[in-house]
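Next up: the structures, one after another.
Okay, so subunit A shows up in both of these, paired with subunit B first and subunit C after.
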Partner chain A sequence: MNLWLLAGRRLLRDWVGVASAVVVLSFIALAGASALGWIARDWSEEVAVSYAAPSFLAREVREVEREAASSVPQDDYGIADPLAAELAEIRSRLTDGAVAGAKASVLAFGADKWGRDVLKKAIKGTQTSLLVGFAAAGLATLLGTLFGALAGYYGRWVDDFFNWLYSVFTSIPYLLLVLAVAAVLGQKGILTVVLILGLTGWTGIFRLVRAEYLKHRVREYVLAADAVGASDLRRMFAHILPNVSHVVLVQLSLHVVLFIKSEVILSFLGFGVGVDTVSWGSMLAEAPSELILGMWWQIAAATSAMALAVTAFSLFTDAARDALDPRLQ
Partner chain B sequence: MSSYLIRRLWQFIPTLLGVVLLVFFLFNWVGGDPAYLLAGKIASPELIENIRRSLGVDQPYWVQLGIFVKQVATADFGVSWSTNERVSQIFATRLGPSLTVLVPLLFASTILALAAAMLVAYYRGSLTDRGIMVACTVGQSVSILVYILLLQYWLAYQLGWFPVQGWGSTLGENLLGYAALPILVGVIVSLAPDIRLYRTFFLDEIGQDYVRTARAKGLGESRVIWLHVLRNAAIPITTNVMMQIPGLLAGAFLIERFFSIPGIGREVILAVERSDFPVIKAVTVYVAITTMVVNLLADLTYRALDPRVQLK
Partner chain C sequence: MIILSVRDLRVDFKALQAVQGVSFDVPEHGTVALVGESGSGKSVTALSILGLLPSNARASGQILFDGKDLRKLSPRELRALRGAGISMVFQEPMTSLNPVFSIGFQIGEALREHLGLSRREVRARVLELLMEVGLSDPEAKLERYPFQLSGGEQQRAMIAMAIACEPKLLIADEPTSALDVTVQKQILDLIAALQARRRMAMLFITHDLTLVSQIAERVVVMRQGGIREQGTVKQVFEEPRDDYTRMLLDARPRIDAIQTRQRQGNAPVMLEARGLAKSFDGVAAVKGASFRLARGRTLGLVGESGSGKTTLGLMVTRLHEPSGGELRFHGEDAHAMPRLAFKRRVQIVFQNPYASLNPRFSIGATLTEPMRLHGIGADQAERRALAVELLSKVGLPAGALFRYPHEFSGGQRQRIAIARALSLEPELLVCDEAVSALDVSIQAQLLDLLQRLQAETAMSYLFISHDLAVVKRMADDVMVMKDGEVVESGTAEEIYADPKHPYTRTLLASVPR
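And now, the complex of A and B:
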């Protein structure tokens, strides 16, 4: 355990590592709070009017509205409308009493087409993205580590078999493979996305873990374990695995980023999460029609949440790699 | 050399067989019965039986596998399930638009990334280097979707410099008009990862002994960089660029979709949306073959560029 303590101390000395770790942890806390229903539970409620503006833009919007309101009673010929007062009263009763009482016209970060809070959607999307990223990366790492350990440790025909599997999977470009699996599974949902990404994304981890096992299986400590009668499984997972776990951890972190990005693309194309959940990708999918109308806050919220999370995660991965393997520098 | 070539070509067979098995497993076993997909909402048992017979899915699995292997061997994947167009015809007509975008994109992004990577590698550790590296990290963390959306909205819709989407009938019209913005977007998107990668290639070379020797014997900096370092770094870069080609062929599908370019990538997305299995199967197998061939060519190029490399 001393090694981990040393790595942790090295990580704490690196201010980029610490800062990115803080951001990553707060994203995880945000996703956790949202999963437990503490925040953003009512993201799907239509709390505001359609495309309600963010409150920092609200002053301009209100001025525009006032202008529009003052221009209503004026008719085209310059003659005062005798029914203007009554009409205005009816209008105000219609809007104020029924709708505006229930729905806000401005929100902190604006609303989407159905009047749902963009901030809450972004928080809920964080939960979806992190869940998919971690679960898929966990599955891919599990498969890659297991295959790599078997291939590297046993060698010979086991190695040949997994190398063949590797060459088959890598001869199909990653995104094409993902789309083909998505076409076959044909149903949406978080579990489907995790399966698609996890079952196709293990190849890179396999390659590295296999190389590590090839290196480690002839080291003295493994031979010593063999001499005292440790079984194959014990040598593979109790002796060698802790010594290659830093490689596995860095790869896990790298793949979280990769899968978060892939999930966004899948959900954008409509092959990802279903309509009952929200992800950054499905938020972006609403953006093209909104941009043309000048409603930029949803794409801004999704993009900045994703950029912040992914940047922090990438920087944290770099810092963790440096801390775990100081020889690399 | 020729024995190496024969052995590599011989190794294609198990890999290709694996790809065929994987695709068959996915589409004929996991994918379920396609007859229900094809028959539509009001399906009579007779209609489903007919479709099953015409597709051959009422046969046992080994017969179906035989049919699929024959399809791969004769490069005849039948007709698309949704448009009844021949799959080979789809490929013949969609390859041109894809290449019109991809070839200039590959050249432009490689040259720009090389220049930028050379700059940051030369001034490594400086503020310029760190600034560009941070910009690359942040730039890579924004989804490619956002780049396409915003650039299309800003440059095409608002400023009107480019057509928003569409495709013409002549090569000149496409290259100068419709393909220009897609190429620009593609270059911007691929710049950040390429710069990061090429920078490490250059840094590997700049630290070598021959660079110190060249400087010690009094060569000018520009000569050291352009003649010695670039030529050596060109070896991994060339193979890397070649390896990108198969992924680009299918990977530019987002760009093709946004800009309505009738290429292979957009065809893949349409096929996935319509559960058009013959098209996806054909694309997967063809692109896998392309990948294998390109990987072999990349290794041969590596050998040709670097005589120190021994091919085993």
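And now, the complex of A and C:
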């Protein structure tokens, strides 16, 4: 029986693994739907007053208007306000046309400073964060695996060169390196963040894959492949890679989590995505000034989405590692 | 007087019944050999005597030692008994010794634990023990760590540890299987001498029937968890009543067997090595080996571990570049030939059937890969058909094509490895310890297969082995290597009948008969 099939079966027996896989898949589905424009397409529209509080059962717009009308200052002390008519007109012009009509009936997580729906922002942010996480982890894994394979397989000066590169990258404090690359690239955007994280994050994967290749290249099955005439590239990628793929997969999964968190940190520090995009990080970056004013909903939305996604992904990674562990086979 | 009596022992590992109702006795001062192939349950039986079974095993039955049922003892009482009453020597001395403690400390541990001696007393006792097991320069060895000792010295240290508290029963689980044949002889002699001097009883567990006649008085033959036959060595060896025992006795390669090979005539020289040498970081592994191999003949290459025989085999297949000398194939410089053209004509089968097949490749992929690389067969369907043909040639069903290596036994995997080598129809096949990891009955089948294939295709073999009996069965010519040098070479008759070099004589004298 195929070893992948066996691993799949073991994963299905682990209920934590299955549950976390369901959560991860629903996050991916959410991000996919948002990328296709099915949901949260209108996240940047002003749908409510500034800092509207969360309300699951919002009052009807009419009700709000009636309340607004009734809150018009009374004729105090029996003296008629000479400007009452004009003030009423100004008020109606200010409120009636734009906001009252645009007021949404339900805002589960309230609105931000510009009256945008926080829930839709969080969904759109999921799309950005997952995209960054997967793309950057994919890039880092690709680089780490390629470099590790070359270094571990060929040894000698190739190994020396990549080890030198590895030492350079790991000797610079990580955040400093990220900020330096961000500053050099200059422009903000998702692509920039992916490049920053991918180009700096391959080192851990490199080290592991290199060690695996060192171990495998002297195994008899690789010698046997050499004996029947398989080329170096074929031995490296057709023979050894499938045998170390469990290591690579687990690393990929770990780095998705790591880079989702890194994107949040980068965006929080202002090196992340631009103002025309929203991510969990940019939402958190807006949160400090809001919290002072007691507006807790934006940070709550961003952190709960992130905590759920990251926890589920980490648990899924653990389950996948257990299922793929060749010692259990 | 019986010291150990095993009554209807059963051990289950969930679905697997490893031992199914085994009963035998070990008399005081006597030696009983427990013989069986891999998976026969002999090691599980030994472990259950000492209560060392893994936690997922369930045992039942009686194990009476000195009248006490060991299965009813508390863990504490059992621990007190281990070492002092019964002790054990394991197969792999390198992995059974703790690498971070010195030899002296490890041998002394049992003395401190069971006898409560002082530091000085322990040291004196350990020195005595090391001398008793024949370690040279025991004072210095006391401070050594396991990796600083050779395999034979490690096993001597293990034996010293086992006899430190003067046990009444010694269980030796394949104590010599990991050792070279000359060292094996020394260790067996040592065990026999110690047993006679200390009047211990011994349970000797082995897969090698030839050792049994040397060391034991009684023998118990096990297969698939049950006992097939037991009796005195003389009775079992001379008049085996069980078919399986008879098969085992016939299958074992005999060094004193009469050579029955049909000699080939004077065939042209196919492969010639002149002063082939290889060194790794300045350490010479092979120091100038020269030989000739003719078409259809088998050259046996004999040597102990570290003699450089594997390195020589890898150079012949161009898996290692030699650092000196030359290799000529049909008169051409082999290293100047195109890589693929050379590899098509010279193939290799490795020792370990568990490591030499890619675990992620199906058997079909493993067998068609070489054909694809060398452009044999027009398309994948044709190559598949060829692969099925190869499988039937090595005695495997066509259904194997879609399965993965881990679904096959060691012998079957080695057949697949042979089929892979045959897929290129090579002129020379290097067999690097190709049957050494297999049970004797499987070994005999594979040797038959190799001989049949040679008769069909007139392939030449370079047959590398540490086992002189196997080489005698296979080889026309024999070459003996020691420390990277060829010390003697000639036809098989000459070497086996009249060895010239003292090392060859020692080797031949050490083979158990």
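The definition used in the following text is that the second predicted complex is superposed on the first by the 279 of 329 C-alpha atoms of A that agree within 3 Å, B and C clash if a C-alpha of one lies under 4 Å from a C-alpha of the other, contacts with A are read in each partner's own complex, and residues count from 1 in each chain.
Going forward, a residue touches a chain if its C-beta (ideal position, glycine included) is under 8 Å from a C-beta of that chain, and two chains touch if they have at least 3 such contacts.
The shown structure was predicted, so the numbers you read here are calculated from the model rather than taken from an experiment.
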* **When subunit B and subunit C are modelled together on subunit A, clash or fit** => fit
* To do: Could you tell me if A:Ala180 is touching subunit B, subunit C, both of them or neither one (first, second, both, neither)?
  => first
* Asked: Now for A:Leu293: first (subunit B), second (subunit C), both, or neither, which partner does it touch?
  -> neither
* Looking at the overlay, does A:Arg219 come into contact with subunit B only (first), subunit C only (second), both, or neither? -> second
* Tell me which partner A:Pro242 touches in the superposition: subunit B (first), subunit C (second), both or neither. => second
* So which one touches more of the residues on subunit A, subunit B or subunit C? -> B
* In the superposed arrangement, does A:Leu5 touch subunit B (first), subunit C (second), both or neither? -> neither
* In the superposed arrangement, which partner chain does A:Val275 touch: subunit B (first), subunit C (second), both, or neither? -> neither
* Name the contact category of A:Ser171: first (subunit B only), second (subunit C only), both, or neither. => first
* Asked: Between subunit B and subunit C, what is the tightest CA to CA spacing in Å in the combined model?
  -> 8
* State the interface residues of subunit A toward subunit B in the complex, per the touch definition above. => 164-165, 167-177, 179-186, 257, 261, 264-265, 268-271, 280-281, 284, 287-288, 291-292, 299, 303, 306-307, 309-311, 314-315
* Spell out the residues on subunit C that touch subunit A in their complex, using ranges where they run on. => 314, 317, 319, 339-340, 343-344, 347-348, 350-352, 355-361, 369-370, 373-374, 403-404, 406-407, 417, 420-421, 423-424
* Touching subunit A in the complex: which residues of subunit B? -> 14-15, 18-19, 21-23, 26-27, 30-32, 137-138, 140-146, 149-150, 153, 157, 246-247, 249-251, 253-254, 257, 268-269, 271-273, 275, 277, 280, 283-284, 287-288, 291-292
* Asked: Any idea which subunit A residues touch subunit C in the complex?
  -> 1-3, 219-221, 223-230, 234, 239, 242-243, 329
